[in-house]
Each structure stands twice: as C-alpha cells, then as structure tokens.
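Take a look at these structures.
Heads up, the next two complexes both have chain A, just with different partners, chain B and then chain C.
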Partner chain A sequence: MSEGLNYTFLIDTFFIALSGVPITLLVTVVALLIALPLGFLLALTRINQVPVLNWFSRIYVSFVRGTPIIIQIFIVYASVPLILSLFFERYNININVYDINPIWYAFIVFSFSTTAILIEVFRSALSTVNKGQLEAAQSVGLSNLQAYLRIVIPQALVVALPNICTATVNLIKATSLGYAMSLQEITLKAKVAANVGYNYVEAYIDIFLVYIILCSLVEYGFKLYEKRLRRYKYVSA
Partner chain B sequence: MLKINEIHKSFGKNEILKGVDLTIDKGDVVVILGPSGSGKTTLLRCINFLEKADSGMATFGELQVNLHDASKKDIHTIRQKTAFVFQNYNLFNNKNALENVTEGLVIGRKIHKTKATDIGKKALDKVGLSDKYNSYPSQLSGGQQQRVGIARAVALNPDIILFDEPTSALDPELVGEVLTVMKNIANEGTTMLVVTHEMSFAKDVANRVIFMDGGVVVEEGTPHDIFISPKEERTKKFLKRVLPEDYTFYI
Partner chain C sequence: MHNMEKYFDVSYIWNSLPILLPFLKVTFVVAGLSMIFGSFFGLILAMMKLGKSKIAQKLANFYITILRCTPSIVLLFLVYYGVPALADNFGLYLHDLNTAVFVVITFTLQFAAIMAEVIRSAYESIEKGQFEAAVSVGLSPFQAYRRIIFPQALVVALPNFGNGLIALLQEGSLAYTIGLIDIVGKANLIIAANYNTHALEIFIALALVYWILSILIEKFFGKLEKVFSKGKHTINTN
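Our next item is the complex of A and B:
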C-alpha cells in the first residue's frame, strides 16, 4: 500500500470506467428525451394556470426538490418491483421481477427527477418571452402551436439553454448514484475493479477523470449550440 | 365592410366596454380618441380576438361572427382579414426584418417562400427600410421597428389594419417617420382603424373620428365635426385638455 499509486491499475481501470460511459449516456439521454417534452408541457400548465395539472406540477416539483435523489432511487428500486410482481401475479405473466435490468429503474428515477427540474427551467424561461410575441404571431395568422414552435420556444430556449446544460451535467453526475441499484455505469464498474486489490484511490481518480472529461465535453457542446441560437440577440446593439 | 355591434367586455367586476357599435367602410381611416382607460385598446383587441369579448357581433362582409364564442375557423378567417400594429411593435425578436414580414405570409397564409420574400421586400421598401432586410429588431431604432411592424401588417394585404397607439412608445423625434408612413398607406386607400393621441394625424388623415369615454362611444363624426363643433360636453372637455390653448383648426 505504501508503494504509492499503482499506475498499471490506474490506466487499466481508466478504460474500465470509460466502458461505463455508454450506460451513463444512455440513461442521461433517455431521461432527457422524456423530461424535456414532459417538463415543457407541465411548465405550460403552470404558466397558463391549467386547473389540476398546474397543482400537480407544483406538488411534483416541490416533492422532487425536497428529497435527495438517492432516496428517490431507494423508493423506486424498492417499490416498483413489488408493484410489478403483484401485477404480474395477478395477470399470470411469467416474468421474474428480479431479472429486470436495473437500467429500467434508472430510466424511471432520472426521468422523474429531471422532469421536475426542467419544469422550473422552462417556466422561468417562458415567462421571459413577452406575451406580445405570441399575440403578434396570432395576429398574423399563426396557430397557437405554430406560434409556440416558431416564435416563443426558440426565444425561450436561448434563455433556458444554460440551465438545461446545468441540469444535464447534474444528471450525468447523478447517474453515478445508479451504483446503488447495480447499474453498470462508470462509478460501479471502476469500484468493482478496485474491490479486487483495494486500489480505491486509483479507481476514484479514474472516475473523477472520466466524469470531468464527459461533463466538459457536454458543456462545450451546449456552448456551441447556444452561440448559434442566440445569434439574433444583441448582434450589434 | 366591418360592422361591430354591441361589444361588451369586463375584466372581473370592471366593465370596460359597455356596448360599443362601430361601422367602417372600405377605404375609411377612422381615428379613435379617448382618455386613458376608456377601453380603446380593449376594443381593438376584441376585434382581433386577442381578447375574448363577453358578447357582441362582428360582420365582415358576408361573414357574421359572434365575438364571444367564435369557432377556431372563424377566428382564423377574421385574422386573415385584419392586421394589427402594436403599441410596443411586438416584432418577432428571433427573426430579422424580412422574416418578420414574411412569417405571416408563409406560415399564416401558405404563400410560397419566394413570392413571400418578394412581397416582404416590397413592403419594407414602402416603409423606407430597403437597407434593413437582414437586421434583427435589437439592431433597429424604435421608429424603424414600428415601420417594420407596419410593413408586416401591410404585406398581409388585409381588409383593415388596426393600429393601437403606434407612436406612443416612441421618442418624440421618431414619431414623424412613422406618421408619414401611415399617411402614405392611408393615401393608397388602405382601410385603417387607428387609436392615437396624435391630433394632427386625426385632423389631416382621418375621414372619421370617434370619441370614446368610459367604455362607450360618446360622439363620432368628421374631424371637422369633432374638433370644431363637438356637441357633447365630455368631448369638449377632453379636447380642451389634449389640444394646446391656442390650437386652431383649419380644415
């Protein structure tokens, strides 16, 4: 132990950690694909004060904000199999709930928490777009949907993008908690490798590096996209 | 051409429009005057369904529409026949001047893009912005933005253009350029319903002036009728307040 870092292990494990990236990214992308449209629609129900749904979104947001993700993971990981097995028994479906790949639970948990965050992101972004924009679009004959797609959302997106970026990076980091349900992502893979020879420090360094590379790339991508989107703003003024 | 009957509109307990009637013929330039809060903006917004009236009818040529529960299709038809120029311009911030003008043509009216671009450029030329096709609203002065707003309305070739105080958000030195543009399109025979505090525009360009107060039309007539020989006490009081002491009209 006192010989310092085991460099061979450090390098080997780096690639093991790297092999967890696809799962991390898959969970991130699926969670975003669900949370972006859903968060947007629920944000609309908040802004337009749609009865019931508006209240639902509010309670949902404060619930997710008020609980640590790890607790949400425990709740889903413990309760969904129970519900499913009851359901399977009842309808005589021959599936063992414990054979279900934990990635499905990860999809549920992370979509759930990201949706709540994006509701707030979209709500504040949409409220920065003056109501006159929608009215002007309607007055020239655009339908509500067209007005949102062509005028309101592009403007709201520019405002929302930095926050969506933060949410995405936070999501990537949060997927590391997936190890609690044996999700084969970056953290778990590196930790398992470390278990053999107790090379935890090396493994943590690798995990650290992989996340920092991954998150930096994602941030860079968002920056580029944001630059393209906001070309209409303050061009010279 | 456009006839409005008995519009009523309340916000909460406040009745803002208390049964307004309005008739506009083709080629009319009608100016609505009235103190702040008298319901002028609300009236225009109800005509264009930006606000839903509590009751009232609009007759648009052959088409008769209930302003309270018009179908989506009727609303769409009426919006095709009207255009709106907003006090705060409300240009699409994410579109350049030309795109602002063509948006309603291409998307709202399904006109082919090449043709729409053609129409759009002509409309911008007409308001003196030939060199600003590609400028975004953030790069334009208030006067220029409002001229784009007018071009956007003109390009749609509507039966009537509704103007809600088109110059009152502008610095005084920019008012002139916008009024000139409005005067030009009025001279081309465009039917216009204009809410404004610019008395010179009402005097020089309008063929009819309506004075509104407290949610009703108090008096209407030619500019001469209203400015030189108003009948109603409320009209006289209002004019006395808005016209300079030594203001005299020669019509």
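Our next item is the complex of A and C:
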C-alpha cells in the first residue's frame, strides 16, 4: 500500500464502476415509477383520513423511517425467496428461487422504501396547497380529478420537488447496498475488480467519484426542472 | 404448517433479543462519539458558511455537497482503506487500529455535513434585529449569542437534530461491513452460528430494535422541543 496509488488500476476501474451506472439508474427509475404514484395515493389516504389505509400508511412510513435500509434489504432478501419457494412448491411450478435475478429483489426493496419516503413528501406538499384552491376549482365546474390534475398537483409539485430530489439522491446512494443482494451495480463491480490485487483504495476512490458525478447531475437536473415549474407558483397569488 | 415452522419460528425473534441488546452499547458509543465530534465539526462548517470569507464559504459548500452525494458504505470503506494508506506516507502505521475508530471517523465526517446545514438554517431563522437589540441594551456580543440567539436557534434546530441523529444511527448499521461487532455485527454472528438458518427472524428482531429506538428518539426530541420552546411563548405574548 505504501508505494502509493496504482494509477493504471485507478483509471481502468473508473470505467468498470461507470459500467454499473445503468443498473443503478434502472433500479432508481423503476423504484421511482412505482413509488411516485403509490406514494401520492397513500398520501391522499392520510390527508383524507381514509379509515384503514390511513393507519396502514402511518405504520408503514414509521417502519421504513425507523429502520435502516440494509435491514429492510436483509428482511426482503430472506423472506421473499422463502415465500416464493413455498408458493412454487405448492403449485408445482418448476422454478428455482435462487435463479431469480437479484434485480427483482432490488426493485421490491427500493420501491418499498421510496414509497414510504414519498408519502411524507407528498403529504406535506399537499397540505401547503390552500383548501380554497380545490373548492374554487370545483365551484367553477372542474371534476375532482381535473381539479387535482390541473390545480392542486402542479402547485404541490413545486413544493415537493426539492424533497423528491433529496429522495432520489438518497435512493441512488442506497442502491450501493445492492451488494447485499449481489446486484451488479457501481459498488459491487468496482469492489470485485479490486479483489484481484487488493487495490481497494483506488476502487473506492472510483466508486466515490462515480456517485458524486451521478448525484450532482441528478441534482442539477432537478434544479432546472424546478425553475421551469416555478411559474405555477405565482398562479395562486 | 409443520413445514412452515422449519423455515420460520417466531421464538427465534424473542430468544435473540437478550443476546442482541447488550451489543447496543457498541452502537451507542460509536453513534455518541460521532455525534459529539460531528456536531463540533459541523459548527465550524456552519461558521464558515455564515462568515464573510468567500473562500471559506466555497470550501464548506464543497464539503457538504460532496458528503451529501457519497453513500455511507462508500465513505466507510474509503476511510477504512484510505486513512491507513494515507498515514503510511507519513510513516504512521494505522492498519491495526480498532475498526470502531474508522467507523467514528466516517460518521463524524457525515454527521458534520448534516449538522452544518441544521445549524446554519437555525441561525438564519433568527432575525438579525434580535442580536442588535441585545447588544443595544448593553449585552456583549458573546452574551447576546448565549442568552438571546442560541436559545431561540436551539428550538428551531432540535427537530432537525433529532432527524440527523436517527439518520446517524441508521447509517451506523453499516459498520458491520468493516467488522465492527455492534448489534448488526452480532446478529450476523448469530445467523452464522445457526448455519444461516432462521436469518429472517434475527433480522426482524434487529428491525424491531431499530424501529423502537427511532420512535423513542423522535418522542424524546418532541418533548425536548416543547420544554425549550416555553420561552418562545412568553416573548410572543409580551
């Protein structure tokens, strides 16, 4: 180690780490696609105090916020194959649970945790939109759905966007824990490359750089979008 | 039904708790030290951000952005492998250092970035006039900070500090990856001793411990906020 950094390895591994980006992004996008609508609907159940779902959402959010993601991963990775194998056994389906691509588990875990985070984001964003806005929209003849789509959601989105950005960055960071499910993302790919010659310092510098680039780009993208959405903010004034 | 028990046995959850709980001590010591050092370092960063020096501001912002974009596990390994390698260049041999030290360094760095933003936003939420008024009635700047600004900023900072602490505790669960035997490390040892059976039950026990801890911290900071915001009402009503 004392002979300094191995620069050839540093550069080569940077590209290996970079090759994990598509998987990281795929998991992030799928998790968001599931979590955004689901989180929004469950946030509505909290706001409208829908009897059973309201309590379910509260406990769900509390659990996800109260437990580390790595433990959520452990639980899903230990329980889903168990449930599936019992299911396959019962219905004589000939699939080996251990042949299932780990990316499916990643989709489950990260959608599960992101949905809970987004429930809170949407709940607080929706509560900032004045109740009068919905009533006014309805009184001019818009249906409930139209009122939400055209009046409430655009305004709530402006408020929610910075928090959605934080949630997305946290999600990207959390996918680095995919190693626990042997998901072939940035961290695992570079780590495996380092195993050969114990070049761990170099590998982790590469991983570190890739995440910084990725997250900075995402933050920048959200900033641009936020600027575009800002125009809705003054409609209500 | 009998078949099911072979895979999942609730008694493993209860039986593992008495073995796991003593190892919370390690979790607490590591989180506590990171909190103390991190708060101190975070205060310095916040002062840099609030100060007049443009270079200091840029430096602090750069640090906070970098840390915000780095997954905990990556930072943990970067510190674990990087610090001893860096120390080699100065003729220091740190490869045998206790893993807890690397964990504390990692989470101090991370908590500092969180605290810098918490302290800055709390400080900025207090009107400038408060300080000027305090100084104009004869308080020294130090007294003005200690008696007027700090108590008010504290109320604003408390919920965010509580959230930061919960985040610290949760991210700390990754310390097992570099070999720290805290509550997660112990859980993995139990599972290994069971030949990897009944892992689910042990993980559920672990989740329960973290869940309860997070709720307790949240409740505690909620209470604390109420206690400290007492002064706020008297100011408002007068």
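The criterion applied here is as follows: the second predicted complex is superposed on the first by the 231 of 237 C-alpha atoms of A that agree within 3 Å, B and C clash if a C-alpha of one lies under 4 Å from a C-alpha of the other, contacts with A are read in each partner's own complex, and residues count from 1 in each chain.
Note that in this section a contact is a pair of C-beta atoms (placed from the backbone, for glycine too) under 8 Å apart; a residue touches a chain by one contact, two chains touch by 3 or more.
Bear in mind the structure is a predicted one, so any value in this text is a computation, not a measurement.
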{"item": "Contacts of A:208 with chain B and chain C, given as first, second, both or neither", "value": "second"}
{"item": "Which superposed partner A:154 touches (first chain B, second chain C, both, neither)", "value": "first"}
{"item": "If touched residues of chain A are counted for chain B and for chain C, the larger one", "value": "C"}
{"item": "Partner chain in contact with A:142 - chain B first, chain C second, else both or neither", "value": "first"}
{"item": "Touched partner set for A:133, first chain B, second chain C, both or neither", "value": "first"}
{"item": "List of chain A residues in touch with chain C within their complex", "value": "1-2, 4, 62-63, 65-72, 74-75, 78-79, 82, 86, 169, 173-174, 176-177, 179, 187, 200-201, 204-205, 207-208, 211-212, 214-216, 219"}
{"item": "For the chain C and chain A complex, residues of the former touching the latter", "value": "3-4, 7-8, 65-66, 68-75, 77-78, 81-82, 84-85, 88-89, 166, 170-171, 173-174, 184, 199-200, 203-204, 206-207, 210-215"}
{"item": "Of chain A, residues touching chain B in the complex", "value": "130, 132-133, 135-143, 146, 150-151, 154-155, 158, 232-237"}
{"item": "Contacting residues of chain B [partner chain A, same complex]", "value": "48-50, 76, 79-80, 82-84, 86, 88, 90-96, 103-104, 107-109, 136, 138-139, 152, 156"}
